[in-house]
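What follows is a group of structures, each given as structure tokens.
Here chain A shows up in two complexes: once beside chain B, once beside chain C.
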Partner chain A sequence: MSHPSMIKTFADEVKTIPGGEHLEKCYACGTCVSKCMIQQKVDPDYNPRRLLRLVMEGMNEEAFSSPTTWMCSECDLCYEACPQEIHISQVIAAVKQLAVDAGYTSPLTPVSVDEDLCSGCGICAMVCPYEAPSLYEKEVDGKLDRFSTVDANRCMGCGTCVAACPLGAIGREGVSNAEITVQLQYPKTEPPDLVTFICDWSLRVDEDLDILESYPDDQVKVVHIPCTGRIDPQHALMALKSGVKGVLVCGCKPGECHFKRGTYVANCKMSLLGTMFGQVDLPQKQIRFIQIGTQDRGRIRNEIDAMLDTISVVEEAIS
Partner chain B sequence: MTAKPKLAFYWAASCGGCEISVTELGMDLVAVSEKADIVFWPAAMDFKYDDVRAMQDQEIDICFFNGAIRNSENEEIAHLLRKKSKVMVAFGSCAHLGGIPGLANMYDIESLCQRVFDTSPSLDDSRGTRPQTITQMPEGEIRIPELYDHVKHLSDIADVDYFMPGCPPVVDQIAKVFEAALSGNLPAKGSVIGADVKSVCDVCPREKGEPGFRITEFKRPHEVQLDPNKCFLTQGVICAGPVTRAGCGIPCLNGNMPCRGCYGPAEGVVDQGAKLASYIGALIDTDDPEKINEILDSIVDPAGTFYRFGLAHSIMTKLKYN
Partner chain C sequence: MVDAARQPRVDVRAFTEVEKVEGFVGNFKVTLREKAKYVIADRCNGCGDCARACPIEVPNYFEMNIAPRKAAYVPMSQSVPLIYSIDLENCIHCYKCVEACGALEAIDFSQEDKIVEEDIGAIIVATGFGHFDPSVMVEYGYGRFPNVITSMEMERLNNSAGPTAGNLIRPSDNQNPQKLAFINCVGSRDKRYNPSCSNFCCMYSIKNAVLLKQMNPDVDITIYYMDIRTPSKGYEEFYDRAREMGIHFSQGRPSLITEDPQSHNLFVHAEDVGLGQNTIKEYDMVMLNQAAIPQPDQDHMSSVLNVAQSPGGWFMEYHPKLRPMDSPTDGIFFAGACQGPKDIPSSVAQGSAAAARASRILHSEQWEIEPTVAVVWPERCSATTRGQACGICAKACPYGAISITSPEFPAEVITAKCHGCGACVAECPEDAITQLHYTDAQVLAQMRALLADKPEEKILAFRCHWCSYGGADLAGTSHFEYTANERGLRVMCSARMDTDFIYEAYRLGAGAVLYSGCHPQDCHYITGQLIGAKRAERLQKMFHRMEMTDGRFRVEWISAAEGDKYARVLNEMQIVLDNMPQDALKAEIEKLKPEMSKRLKKFPNVPGVQEAMDYSDTLAQAITDQKETA
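Moving on, here comes the complex of A and B:
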């Protein structure tokens, strides 16, 4: 590692940051691009390989303003595939750190905290996969009070904090409690048979998304969430209370979570809810959590059909 | 001279702790009884149901009703007191949320009776006794109240004006509520009174967890030497503080015990137990997926812990008994 005074190039600078040191092992094969979900689902121009080239070519401004720098969620699908075993997300994180130091800011919309609601419990800070929230103290009415605050450059918008926040004090457009709750109430129509909470990353191809849309709304209501880390067991209960007969939560296969830990977190929450259903003697089959992998194309149809079958059996047993 | 306001106290399915908390007012209770007439208080004074039945409708100014609705007597008297009272306060966790008796909603009546009448360790032998609403005796027919199939909270069966949480409500808050009630300063109908808005964490002075802290094993309070200065969650102990309304003055935390949730859901919480599962689940260490189930298994009795005071009030109970 170079002594800071010896730093000559942008690449050297990246390499001084832990994680950035593997930069020059890249021989630009592009396997990372082929594995990247952002490239496939969001932005065809998204390109970790190109970012690494920008760094090596000393094009720091281009690297700092590249979406690749900011959108990488460290899912590490590319890391597993890289023949050179480059921990690419760490290299990107090193570039991001330099970008933040140089005054660049994330183009993503972060969650924000409503201090009127925040109790300063610190749960958001503990559960975030990116350690974006933290607590700070300020004086309110002459005494010190704690509140959460979010580092906008770290927040990836997965919503894990939103679901964990006990008081609904943290959120952003697209993942707020109000936006999900409204989809679980059916004042004017009959409730659907099944509500499916779907992590938008768990279905990797358009054909799978088409399957979701093939069910009529009065049979299967699909609620899109950015990650199953966003799932709140309260929402599953609210859906059932409104007359829905089953709740299916669909996340990514272990090891493929786009937001590092969301699918595991969802597993924990849904397991706890399932255990409590058992204790209270409610039909556990009414709630189901599944984890769909890259290789599981078409599985969502089987899962939904199986769930529809299950809840009709449960219905018969109850009535 | 205007007549003194009339107060009533009643206990339905409860342990009597709420009554004791009222008597903890001590000399202040004497002051209350100077400003108001206590017209019904079975636990402390000699009144009968017929005394209440003889009253005019809305003759009682404020009724403080504690206890859950477990049987037909609880419900009958709740309706009677509702009719005879201008203002009805659900007083304490049981009236507010179903409280500890509400945990019975995990079981059916037959298994509860088996435990109480057949397998309880304090019984020598079982005679297979079961409570009967009507029993014929040589002297005539004996009737006892009917045990309901599940525990309800007061607002399930009656129109409640105010909810005063706590198991029991702490004496400072009781004093404040009596003061507000006797001076006509109660808030809008439907409000939670004698408590704060935010959660217990807002007033808990303990050091919170660092960003990225995760729980690798859950322990119960008696299984660990607890650091009195650190958040219970960071010590692997389940604490209901984050979802529970503040206002109790944190006696449990000061006694180095985690919040158990008796003050009920804070503003913004829909279902106290499900929300507890939401943050407890998210706090579990997921770095080693192989260990997740082990960590989950270290949570003893999730429903009883997460819904300790609120099961009868929960969506779970609504789903089960519809």
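Moving on, here comes the complex of A and C:
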């Protein structure tokens, strides 16, 4: 297949890219579409099944401008569900690569680096699940300096780098530090009992989001984040400092994280924070990290109720 | 079944296992284990008093384990013969059954398994199929969500003779469900579990939906499907009827089922392919149409009967189109789903065909077999020459047709069991076995004729009769062009392609040799290809050590449908020869010759071979003379 004379159609072109070779096995059962949450939560036009059809029919321009090409975050929920064992995210990645080669750009807004603050430490490049940030050198005032830059076509907007940056040099509207901190300060009202950080993808169905809204604002404050990888331990400390009695962080089950490994990063951060609490004799039960799976419908109610119970117990113990 | 049991010449042996099958067509010796029922069959009248008295309850397999049975039981109320048996694994020996049986005195706890040997003319295997366990597909939650059940369980729930007397209730709260969904292709057409289609599930789910709708007109039924396959006569009309009855069909394979923890209602997540939209619909109960898979003990049965299995585990038929009811072993036939998933009409047709086939054997005084059987020259067998039979031939035979009663006696071929693959002939280190119509001398004579003129330009292609010969034939009828230097030679199986033939080809100076046969799962002779493949691998390693150019000895498995592959392989081999400088090729051929002659030292001793060699030499000489005079 690698011989140039054998590449005749757009589908052939996709199949030459590693990961794209299983394209034509698709028999359009729609499992991928229903397993994926992007269509349901973000864009009704998102449809991996249809993208594969566009590729097979040689409709490259439609494929390049389809939201499916750009919004797939390679979580691979569809791959494990596909009865034909097609690595769909890899096929989409192959289309995306061709789209980039053809001069198309991602419609998503990437995070941007504030070069006045960036020290060029490279932590962002290390934590990013998509290898979007990279370091480059440029001369500033006659001195060679390192800076981070983000590949706009790779950034999926999970915000893991924003949380990881020690200098607060990376940000984007929707995931910036200021937007979260403003939700954690209560100058005019009593602080709520519980602050819950909810990953946008961990609650699969609308009914679960309704459960969150059923709690009054002065009891449970919900902070939406794109991924638990975005959670910064400082946010938890900030909330507790402002008088909140407990912090619950809710992410996806390992293997089901929408941004590949955000839930893993969050688990590390939260366990470290818990250990730290233990070392300075603070009640560890005040902070909790849970991972909700695709089939855990309704579990969020149990978890919040349990956390509220724990808080009251802790409070009694302290007083 | 009742009719069959009443036939005076039909003997039904229930609760009996086949332990061993020996012999051959018309003369099988079958060893049966008649399991102890702990009930004397002649005395039991099937009244069921023992079961009513029995205090033990265990899950009832026939009711898909959703109802109990007693330790004294019949598998189902229509059992033939209607004789109760005691399940000793669960019995607590309270002997209430003995009391209940009373004057009949049919219960006998001292019974033991009986081993019986029977003379059998023909065997029909009708062991059926098993069910895929959907609990391994965690996304559907079977086993975790009480209201996700299999269609087999649903069938018992909806059966008027079933545990609920036909009252459809859902397991979580015993309420009548109003919204139901069927999910097709659970574990079938799925590369992760069973890649093949289970054949009858589309019709089966439509049938269940129609039955449910007839008995409960108010329920709302949706069938989730990938493709609806209703290919037989009247099936499409039935599908139409179901649609007209108001059963919903939704194209799109569900990826997930979630459950509301309070109400235990289920939510099916699926794309509606027609709309291109994700849907999440609520149901009271979901039925999974699980895949049909081979019986759990199919592997065991296949070794007992000595019949091969197709990929996927089903019993392999003699020919998929022309002889679907015959096994590769004469006298053993298949009926129904043990040979592959099939619905009732196909099973009945195959069963009747198998019965007709079997009765042909029972009414024959004589039985015709292929003439290409193997014959032992006892005087050459190592048992005679060295007093110790090596047994390599018996090990190679896919049919167990070679018997070595004791190491001092030469091997013997049971002609009726031999199918003529020639594996033993090629494997025998003493060249003490020959195959009628494919003797070493005959094959040799053909080879010599094919390589008589300019052998260094020729590609000698060994083809097996059933696959690669068919492939070559197809290449011809399809007008696929391939090199004119190919010289084909047919033997019955790649297992017959003797190392001596390959040595002789190179000794004669052949340019290249192709060793071709069936794909491993397609072999006509059960395991013949495996024997051939092993030998080919050995040869390949050897030629590699001798620094022969890669591609001058090629091993390829080509099916009868792969004419294009046959042409491609031959063309590629021609390219290898074309790319070699003439001198280099000649030097390589000459270099091989002495080694090949050394390995063929004993070959002329094989009866007929020397004569064949001499004859072909005279013939070759005559051709050269003729050319010179011309």
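We adopt the following convention: the second predicted complex is superposed on the first by the 317 of 319 C-alpha atoms of A that agree within 3 Å, B and C clash if a C-alpha of one lies under 4 Å from a C-alpha of the other, contacts with A are read in each partner's own complex, and residues count from 1 in each chain.
In this section, a residue touches a chain if its C-beta (ideal position, glycine included) is under 8 Å from a C-beta of that chain, and two chains touch if they have at least 3 such contacts.
Not measured: the values here are computed from a predicted model.
**Student:** Overlaying the two complexes on chain A, which is it for chain B and chain C: clash or fit?
**Tutor:** With chain A aligned, chain B clears chain C, so fit.
**Student:** Once the shared chain is lined up, is A:Cys158 touching chain B (first), chain C (second), both, or neither of them?
**Tutor:** Neither partner.
**Student:** Between chain B and chain C, whom does A:Val195 touch in the aligned arrangement: first, second, both, or neither?
**Tutor:** In the superposition, A:Val195 touches no partner, neither chain B nor chain C.
**Student:** Looking at A:Ala169, would you say it contacts chain B, chain C, both, or neither? Reply first, second, both or neither.
**Tutor:** first
**Student:** With both structures placed on chain A, which of the two partners, chain B or chain C, ends up touching more residues of chain A?
**Tutor:** Counting residues of chain A touched by each partner, the higher count goes to B.
**Student:** For the superposed three-chain arrangement, provide the angle chain B-chain A-chain C between C-alpha centres, rounded in steps of 10 degrees.
**Tutor:** The three centres form an angle at chain A of 130 degrees.
**Student:** In the superposed arrangement, which partner chain does A:Leu282 touch: chain B (first), chain C (second), both, or neither?
**Tutor:** first
**Student:** State whether A:Pro83 touches chain B only (first), chain C only (second), both chains, or neither.
**Tutor:** So A:Pro83 only meets chain C here.
**Student:** Does the superposition put A:Leu135 against chain B (first), chain C (second), both, or neither?
**Tutor:** A:Leu135 contacts chain B only, not chain C.
**Student:** With both complexes overlaid on chain A, does A:Leu240 touch chain B (first), chain C (second), both or neither?
**Tutor:** First partner only, chain B.
**Student:** Working from the superposed arrangement, determine the closest approach of chain B to chain C, counting only CA atoms, in whole Å.
**Tutor:** Between chain B and chain C, the shortest C-alpha distance works out to 19 Å.
**Student:** Give me the intersection of chain A's contacts with chain B and its contacts with chain C, in residue numbers.
**Tutor:** Of chain A, no residue contacts chain B in one complex and chain C in the other.
**Student:** Which residues of chain A touch chain C in their complex?
**Tutor:** Answer in residue numbers: 27-35, 39-40, 44, 47, 49-50, 78, 81, 83-85, 204-205, 207, 294-295, 297-299.
**Student:** Hey, which residues of chain B end up touching chain A in the complex?
**Tutor:** Within the complex, chain B touches chain A at residues 105-108, 198-202, 208-214, 231, 233, 241-243, 246, 266-271, 273-275, 277-284, 286, 289, 292-293, 295-296, 299, 301-304, 306-307, 311, 314-320.
**Student:** Within the complex, which stretch of chain A touches chain B?
**Tutor:** 117, 119-123, 125-128, 131, 133-135, 145-146, 160, 163-169, 229, 232-234, 236-238, 240-241, 254-255, 261, 264-273, 275-277, 279-282
**Student:** Taking the touch rule as given, give the residues of chain C at its contact with chain A in the complex, in rising order.
**Tutor:** Chain C residues touching chain A: 138-139, 141, 185, 189-192, 226-227, 251-262, 267, 269-273, 276-280.
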